[in-house]
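In what follows, a structure is listed as C-alpha cells, so that the remarks can point back to it.
Which chain is which? They are A, B, C and D, in the order written, and residues in each are numbered from 1.
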Amino acid sequence: MQCLPEELLIATIADLLLGCRTVAVGVSSPIPGSAALLARAQSSQPLRVELLESLHGNSFTRGSVELFDRAAQGRIDAFFLGGGQIDGLGNINLVGAGEYPAGSVRWPGSFGSSYLYFLVPRVILFREEHSRRVLVPRVDFVSAPGVSEPGVFRRGGPYALITSKAAFLFDAENCRFRLSSIHPGHTLEEVLDNTGFEFDYTAAPAETSSPSAATLATIRGSVAGEIAAAYPQFAARVFPRHQ
Amino acid sequence: MQCLPEELLIATIADLLLGCRTVAVGVSSPIPGSAALLARAQSSQPLRVELLESLHGNSFTRGSVELFDRAAQGRIDAFFLGGGQIDGLGNINLVGAGEYPAGSVRWPGSFGSSYLYFLVPRVILFREEHSRRVLVPRVDFVSAPGVSEPGVFRRGGPYALITSKAAFLFDAENCRFRLSSIHPGHTLEEVLDNTGFEFDYTAAPAETSSPSAATLATIRGSVAGEIAAAYPQFAARVFPRHQ
Amino acid sequence: MTESNVVDSIDELVARIPDGARLALPKDSAGAPMGAVRALIRRGVRDLHLITVPTSGLATDLLVGAGSVASVETSGVSLGEFGGAPRFNAAVKQGTIAVRDATCPAIYAGLQAAEKGIPFIPLRGVIGSDVLAYRDDWKVIDNPFAPHGKDPLLVLPAIEPEFALFHVRRADRFGNVWIGVNGELAIMAHAAAHTLVTAEEIVDDDLMAEEGTAAGTVPAVYVTAVAQARKGAWPLAFLDQYPADDRHLANYVRAARSAEGFDDYLRHCTESADDT
Amino acid sequence: MTESNVVDSIDELVARIPDGARLALPKDSAGAPMGAVRALIRRGVRDLHLITVPTSGLATDLLVGAGSVASVETSGVSLGEFGGAPRFNAAVKQGTIAVRDATCPAIYAGLQAAEKGIPFIPLRGVIGSDVLAYRDDWKVIDNPFAPHGKDPLLVLPAIEPEFALFHVRRADRFGNVWIGVNGELAIMAHAAAHTLVTAEEIVDDDLMAEEGTAAGTVPAVYVTAVAQARKGAWPLAFLDQYPADDRHLANYVRAARSAEGFDDYLRHCTESADDT
C-alpha cells in the first residue's frame, strides 16, 4: 500500500512499543508521538500515552518533574530520544559538535536524556537524517551514554534506532547496533555509505514492512486527529486531508 | 485586671513572639495558637500565623510537608513544642517514660520536634503542668535535644519555657534555663519545689505581668473568635461569653 | 485512555492487601480510610507493617487492637483531644508490635525519596536525638558539599510502601481522585507501588478535564483501585465534609481501655460493611 | 492576613532584581515572563546568572543577546519549531557567557533540595555522561545504603535562586498566584529567596478561600511581588490563553541571526512597557 515516509516511520516505531503499558513522548516529537498513539490504538491491553508537549495530552498534575519521577518509579516503559550525533555504542549528543563548550555547532542541550536513558527500560532513538554527520564513530559530547560500567544503576538504555533509511536494534550484550530492516527504496550499500559507525548486518537485510491498509487508516484517522492537537503544523503537512 | 490563667499564658507567650514575621502552631495547641493570634493583633508589622490544625487557618496548599520545608527555608520564625518530660538542657521527651520502647508510659511520639527544634529560630516550650514529673533532671528519651555539639547544623532551639507557674528563658550559651518571672499567685519556693532540674534565678524574681485591659479585650474579642474555628472545645470552655 | 479502576465495594478494595503488606496510612485528620480499615479487620488481615504519614490515631489503634499489625513506623499515634491511643500504647508496652519511632519530616522525606526513585535523602536536624539512636536503618554521613570542616548530616533510606490507602471526598469514574490541598496524599500515591482509595462520592465528570480540578487531583495512573465509601472516615471528622462523632469516640476510648472492651467494640463495629 | 504584594507595573517589579542576581526562569511553554524580561532589558540589567527550569528559549535568548547574562545553567535552550536559540548559541561559541550544561531532572532535584532545605540530593543516571564530566560542582559518592558492593550515585548541590520570575494566568489582590497543574512553578517559588510574578489578570477574589482554587495556588507567603502584565508571555504561546505569535517569532529568528539584526529587534521591542 502506498504510504508517506512519515507513515512508514510511525508504523515501524509503533511496532517497537508492543507490550508497553505507558509510553512517554518528549518535546518536538510528532512522529514518535503519532507512533505511540498508533500503538495505543492497536494494543489489546491498556496503553497509556503521555505527550509532554500537549496541554491536554498528559496526566501530569504536579508539573513536568513528574515525568522524571514516574520514570524513576518504573511507571514509564518507553521513551524517545534523538541526537545531533549518535554513535555505535548508543551514545547520544544533544549539546554540540566540536570541542566543548565553544564548539563549531551548539545544539539545544541534553534535556532529560542523561537521566531517562538510564531509567526508562525501552528507549527508542529516532533521527530522520541518516548521514555520517549524524551517525558518527564517536560523539563529541556524551549527553547520555548508551552503555554503563558494571555496578552503575541502569534499568534501561537504547532499544532501537530508527532513521529515514533503516531500523536498527541495539544488542546490549555486545554494545552494538544490528541492522534489522531497510526502508523501501533504500539499499544496504546506501545505509553503509551513510553510517559512520560499525554495526552488524546480514548480506540480505529485510525490508521494513509497509503499514497495512488498516494501520494506515488508523494513522490517517484517529492518530492524525489526536496528534494535531499537539503538533498542528506537522499534522497539517502530513495529514492535510484530515484537516 | 482580673484574668483567667489561660489569658495570662496567652499574653505571656504573645510577648515572646515580638518581631516574628511568621509563627506556626502545631496540633493540640489552643493556648499557643491564641497567643500567636494575639501577637498578630498587636504587631505593628505584618505577622503571619499558620495554624496547622485548622482547615482554613493556614496557607499550605501542597500538604503538611510544607510546614517542614518552610521551616528549612527559613520562613518560620517561631514554633511551640511541649513534652511529657522536659529537662534543664532543654531536651524534650514526647515518646514515653521509663526504658524505651516498652516503658512505663507511652506518649504519642516525637512528631516534628526532632527536626523543628533545629530549624525554627525561636522554639517556645509550653507545658501547663509544672511538676517534678514533667520537669525532670534528665529526660528518659530525647525526642529532640535542647543543645547540639559544635559543628552540627542548628538554626534554632529552646527560647523560653512557659508553665502554669512561671516563665523561663533559655540561656543558650550556658545551656540552662533562667527563671524570668513567676505568675501571680505562685512563689519561688513553689517553683523550686516543683522543678526537677536546676535553673538560674534571682532571690526576688519578677512577677509575670498581667495583661492590660486592652490586651484582654483583644483576647476575648478577635482572638477568641478566631481560635474557636480551630479549637471549639477550648474556646467554649475559656471564652464562654464569646460563644 | 485507560480502563476504569473503580471497584464495587471496600471489601473488594482491601482484598488486594495481603497479610504482611507494607501499608501507608495518612493522619487521622486528612483522609484516614476508616471504612476500609474496618473492612481490613473484617477480613482478618495479619502482620501489617504500617507507615503512618506522618502520624495516625484511630486507624492505627483499631488495626493494632485487632491484632492485624506487626510493626508501625510513626511520628506519633494519638487520638488527639480524646487522649492517647489505648491499644497502640498497650501493644507497645507489651512488646506485641515493633515501633519504629520517626519524626514527621523524616517520613515525608523518605516517601519523597521513593517518589523520586532515589535510594536515600538527607534531612537536617534529628542528630543527637534518641529517635536517631534507635533507628539502625538511618545513618549520619559527612555532607560531601560542606564548604569547610565537618558537617554531619542525617540520611534516610527511601520509604517504599507496597500499598497506600486513603479516603478522599471525590473520585471520578475513571479512577482519578481529588485531594485538594492535601498534597501528602499525592506523595503517598507516588511513592507506593499500589494505591487504594475510598471516596465519599464517585462522579461522572472527568476530574482531569478541567485544570481547576486537575490541579488537586491524583490521576488514575497512580491509583490501583477506588471504591465508594460514604462517611468513609467515620467516626473521625473529615475535612469540610462532616465533624467527628464525638460520642462514638468517647465510647471507644472507654471501651478500648481493656482488651476485652476493645474486642466488644470491634464486634459491634466491624461486623458488616454497612457500618455507619 | 498580610499586606498586599501587588505592585503597579512590571518595571517596578523587575527593579527588585539587582545586577548579578541568580535568577530562575521557567521554560518557554509554561509561564515565561516575556514582558518582565523586556522590562529587565529595558532597565539594562547586567551579569545575571540564569537557571532555566529546566529549559528555556526566547526568554534566555533575549537576555543573552542584550548582554544581560554572565552564566546560564540549563538543560536546553531552543526556540522549538523555530530552531536553535541564535543569540544564546552565538554567545556560547564566542565564550561571552558561561554555560553549565545540566539535565532536566537535575535542575528539578537541585531546586527540590533547596525547597527542603537540604544541602544536596541524589539522582540516578547521568554517570558516564559528559554532562557530569564538565560539572565540577557535582559529585559521585557511594550510596551509603547499598545492600552489597559499590553503588556509585550522583549527588547534586541544592540550587538556591535569589529570584524566581514567572508569568501566570491569574493572581489575586492578596498576591496569591494560580499555577494550576504547573507544579514546577511552586518548586521554583519555594526554592527561591524571592519570587516575582506577572499575571494576565489580578482578580478581587481570594484564591485561597476555596480549596478548588487553593490546590493550584502558590500562596502569597512565597511571593515577593506581583504585577499585572496582559499578554505577559507574548510573543510566546501561553497555555490555554493565546497561541504563539508565529510571524513575530519568525521575524525574530531572521533578525537575531546577526548581532546587528538582534539589536534592531531589541530597539523596537523593548522601548516601552506597552510592548504588545
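We take it that a residue touches a chain if its C-beta (ideal position, glycine included) is under 8 Å from a C-beta of that chain, and two chains touch if they have at least 3 such contacts.
Quantities reported herein were computed from a predicted structural model and do not represent experimental measurements.
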Interchain contact steps from subunit A to subunit D (minimum; 1 if touching): 1
Longest centre-to-centre distance from subunit C, chain (CA-based): A
Between B-D and B-C, the pair with more C-beta contacts: B-C
Distance between the centres, which are taken as Cα means, of subunit C and subunit B, whole angstrom: 28
Centre-to-centre distance between subunit D and subunit C (centres being mean Cα positions), rounded to whole Å: 36
Centre distance in Å when subunit A and subunit B are each reduced to the mean of their C-alpha atoms: 59
Chain centre separation in whole Å, for subunit D relative to subunit B (CA means): 40
Overlap residues in subunit A, where contacts from two or more other chains coincide: 60-62, 68, 72, 119
Contacts with two or more other chains, residues of subunit D listed in rising order: 112, 116-118, 123-124, 151, 153, 181, 186, 214-216, 240
Inter-chain touch pairs (all): A-C, A-D, B-C, B-D, C-D
Parts of subunit D lying in touch with subunit C, wherever the complex brings them together: 109, 112, 116-124, 139, 141, 143-146, 151, 153, 155, 157, 179-181, 211-216, 240
In the complex with subunit C, residue positions of subunit B that touch it: 27-28, 53, 55, 60-66, 68, 72, 94-96, 100-104, 106-119, 141-145, 148-149, 151-154, 233
Subunit D-facing residues of subunit B, complex: 22, 46, 48, 59-62, 68-75, 119
Subunit D to subunit A touching residues, read off their complex: 27, 29-30, 54-55, 74-78, 80-81, 84-85, 88-89, 92-95, 99, 101-106, 108, 112, 123-134, 149-153, 181-187, 239-240
Parts of subunit C lying in touch with subunit A, wherever the complex brings them together: 1-3, 114-118, 186, 190, 208, 214-222
